[in-house]
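Structures for review follow.
Look at the two complexes coming up: chain A is in both, with chain B in one and chain C in the other.
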Partner chain A sequence: MPLMIWWRKTWWLFPSALAIMFLVMRNVQPVEGINPGWSVNWGWMLGVWNGGTLLLSPFMAACAAMVMIRDWPHGLREQIAVLPRGRSSSRHIFAVLYLQGLAAMLTAIGVAAVLCAWRGAPIESATLPWQLFTGPAALFAAVALGMAVGTLFGNLIVIPLLGFGVFLAHQLFFWSGFPELFTTEIPTWFYEDARPKTTHLMATVALNLVVGTGLWIFLNWLTRLPRMRPALLLVGCALCLSAALAIYLPWVIAGNMDTYERIG
Partner chain B sequence: MGQPVNVVQVSSLSQVFKRFLALDDVSLCLDPGVIALIGANGAGKTTLMRTLAGALKPTAGTVRVAGFDAYGKTERAQALATVAWMPQIAELPKGMRAIDLVAYLCWMRGEDRASALVRAEESLRAVGLTKSFKAKLGTLSGGMVRRVWLAQALAADAEVLLLDEPSTGLDPRQRETMVRLIRETSAGTVLLSSHLLEDVRELAQRIVVLDQGKIVFDGALSSSMNAEWFMQLTGDEAG
Partner chain C sequence: MSLLRIALIWRLPWAVLLGGCTIGVVLALGDASLQLPMGVGPRLVRQAALLFLPLALSVLVMPPVPDLHPSLLRASTHHRISRGLFWVLMGAACAAGWLGAGITGTLLMFEVTSTLVLTAAALFLVPRLGGRMILTLTAVGCAWLLYGVLAAKYLGFGDLTVTDDHYMPEGSTLAWILLATSVIACLLASVPTKPTHRT
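Entry: the complex of A and B
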């Protein structure tokens, strides 16, 4: 019942997310005159799928904030916080949002996989399994961010600001060659003899997971009643964000911008 | 016959917000029956209600419900299981259906899905919203929304019912309906707050008057109590 209630309110997310994924896939640049350029290589194709988060994550973060502000108002949260299962509404909202985003991603990767198999694309260009995890991990961080921001600020203006902010964050990480947060890489050129570096992908997944977990813990702290919020949760949140910094810093120090490695 | 047990016991309760003393050393015992909590705006009624509902940890003092400490780590769940609360002002998820909200809140109280839905239907029916089960909350009138809030409190079937200004924002006809509904549906210990004596006159047997965070009167409600009496007691005017 609880998931159905939230699904009824947010059912439009899945078709919107799916449209976003296909919009991204349709708009990648042609490769060697072949348009669309994504139908020839597994590594490239998975990169495009993950790269859908460039638009999907800002959209999902903004939608998560909107649900928390508009559909689950602050005054009501105090009323439910005293109930035995009161805080579970955060889990329900998260599950419904995340699963719809993930379903859109899986549909897109399904199309990508069928095309690759049909064309007999070379599998060695893919960095498996890590290329499969970066998108879902970024989506987790983005939805957790949207929910935390929506819970913290009750003003509708944060919705577009958040969407725009997450979109711009891509520039910071991707163009600097750092492990990416919230939005993951979309290839803008086709590397026939190269594939994404495993360490870079692993760091990207870990970065998103620890940031998402930190935000989720912060959300849990926020949804408790004032004067009854355990400080331990804030410590947990700080530890997660410290871990994110620990993952991120080696790339900054090394100045290693190359995110691809040669095959073989 | 044994000594009657106080369902709610409030001892030396204080609530301080920054430097503002909202409740000052309040002690109160509530027994079964309808008790009116009267006070002017800002007297501390809602703060007391929120504290009794378990939503606002006291700065000092204790709240015991059915013998359990409402803010004690181990007894809180047992204490709050016996309390239902209709808040004064609560924003609503406007796009949610009435039946969904009431059933969801029932489920959050620990009911399984099927019985939460049955209870939600029963309580919405009891407050006269049979035709509005599937109506979105944003489309309901102010009076109907107050009835949805009453329905969710009634659905809890709790020993203690806290009704915080249930007739706030209602026109005279809706107010009359609300008074009738409370009289017909509430049972057990009911604490009903209002800044209008007229609202509670038909319902309550006992009256507690709160003024600037302090209890200034606690006794049986009589016909001699009127706006003038209230003004003399608090220096303010009611109803």
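Entry: the complex of A and C
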């Protein structure tokens, strides 16, 4: 039932997220008259599907911040925190937001998979199962970021800041070839004899999960009453962010910028 | 209540800080390419900054106490100061981005129209519909950065991906109408109306 309370406040999120997914997936060039072009290659389709986070993650992060600022503000949180299960709303908000974003992604991949199967696209071009996880992991990190920033600042200015900030974050991660955070690579073409590199996808998933977990722990610390915030949570947050650095830095130090590997 | 306290409640220092940062970014990196995926064409830091600023400043025009605001003595002062600061900062950022940057005519027309349309939408819709409209316009702004150059062709601004001076597109009548409409929309959105605010 608590989930229904938050779902009634954010029901518009799922149709909006679905529209964003189809907006991104629609805008890929055709291949020999076949439109959308990604339907001829499973790897490309999954890449474009994950790449939907290019617009979906900023939207979800800004939306999470808005919900925390408008519907779960500081004063209300402090009054409810002393009640049994008083801090559970953060979990419910996260679940409702993330699941709606995920449902939009799953709907999009359902439609896209039918198209690929119909065209008889080669499944060898996909790096399974890792290509199924990068987008959802990026979405997890984006929602956690939005909730943490919205709770921390409580000012509506953070909505456009987060939206444009997460959108432009791919300027750091997109072209570098290193593991990607919050938004993932969106391929605009495909290779006949190559597919996304497994280690790169694993690193991207791990990076997003540890950053998302770190932000979630920070949010947990923030939503407790002042003077009742355990330092252990901050240590956990710091550990997660250190783990993120430990995942990211080796790629930078090694200059490892290949994101594709040969099939076979 | 001190003037500083009022300014903080009206979010004026935040707005000045964000406006100053945006102007700095426009001056320093305005012509840098954003290297966005999914298309070609001039998608620049300046465009992103000028789409972001009206949304950030739209928080200014939201009354701090929505339910009581129309009944307060300072309601009209808040309206004048917030809109005034909004336009001062927007004007400064636009001047920093467009004056003396050597932008070709059609691209300038496209950027002015894009910025003014989003500005008018922010000024008109955000005080009436609240935070959800900031979120919607933020999503529209990001999508416009991705697809705006593509859409420009269909809106009469021509093919903005052309870089050769001899083949530079010229704005059609539709583009001029859109530009004029965006200017009028901005003027109308700045006119005070009976407020029915929500957050």
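Keep this in mind: the second predicted complex is superposed on the first by the 259 of 264 C-alpha atoms of A that agree within 3 Å, B and C clash if a C-alpha of one lies under 4 Å from a C-alpha of the other, contacts with A are read in each partner's own complex, and residues count from 1 in each chain.
By definition in this document, a residue touches a chain if its C-beta (ideal position, glycine included) is under 8 Å from a C-beta of that chain, and two chains touch if they have at least 3 such contacts.
Everything numeric here is computed off the predicted structure, so don't read it as measured data.
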Fit or clash - chain C, chain B, common chain A: fit
Touching partner for A:Leu23 - first (chain B), second (chain C), both, neither: second
First (chain B), second (chain C), both or neither touched by A:Ser57: neither
First, second, both or neither for A:Gln171, with chain B first and chain C second: second
Partner chain in contact with A:Met66 - chain B first, chain C second, else both or neither: second
From chain A, separation angle of chain B and chain C (C-alpha centres, steps of 10 degrees): 80
First (chain B), second (chain C), both or neither touched by A:Thr134: neither
Chain C versus chain B - closest C-alpha approach in the superposed model, Å: 8
Footprint overlap on chain A, comparing chain B with chain C: 70
Parts of chain A lying in touch with chain B, wherever the complex brings them together: 1-2, 5, 8-9, 70-76, 78-86, 88-89, 225-228
Chain C partner contacts - residues on chain A that touch it in the complex: 16, 20, 23-24, 27-28, 51, 54-55, 58-59, 62-63, 66, 69-70, 155-157, 159-161, 163-164, 167-168, 170-171, 174-175, 185-186, 188
Interface residues, chain B side, partner chain A - complex: 50, 53-57, 77, 80-81, 83, 85, 87, 89-96, 100, 103-105, 107-110, 113, 116-117
Contact footprint of chain A on chain C as seen in their complex: 11, 14, 18, 34-35, 37-39, 48, 51-52, 55-56, 58-59, 62, 130-132, 134-135, 137-139, 141-143, 145-147, 150, 199
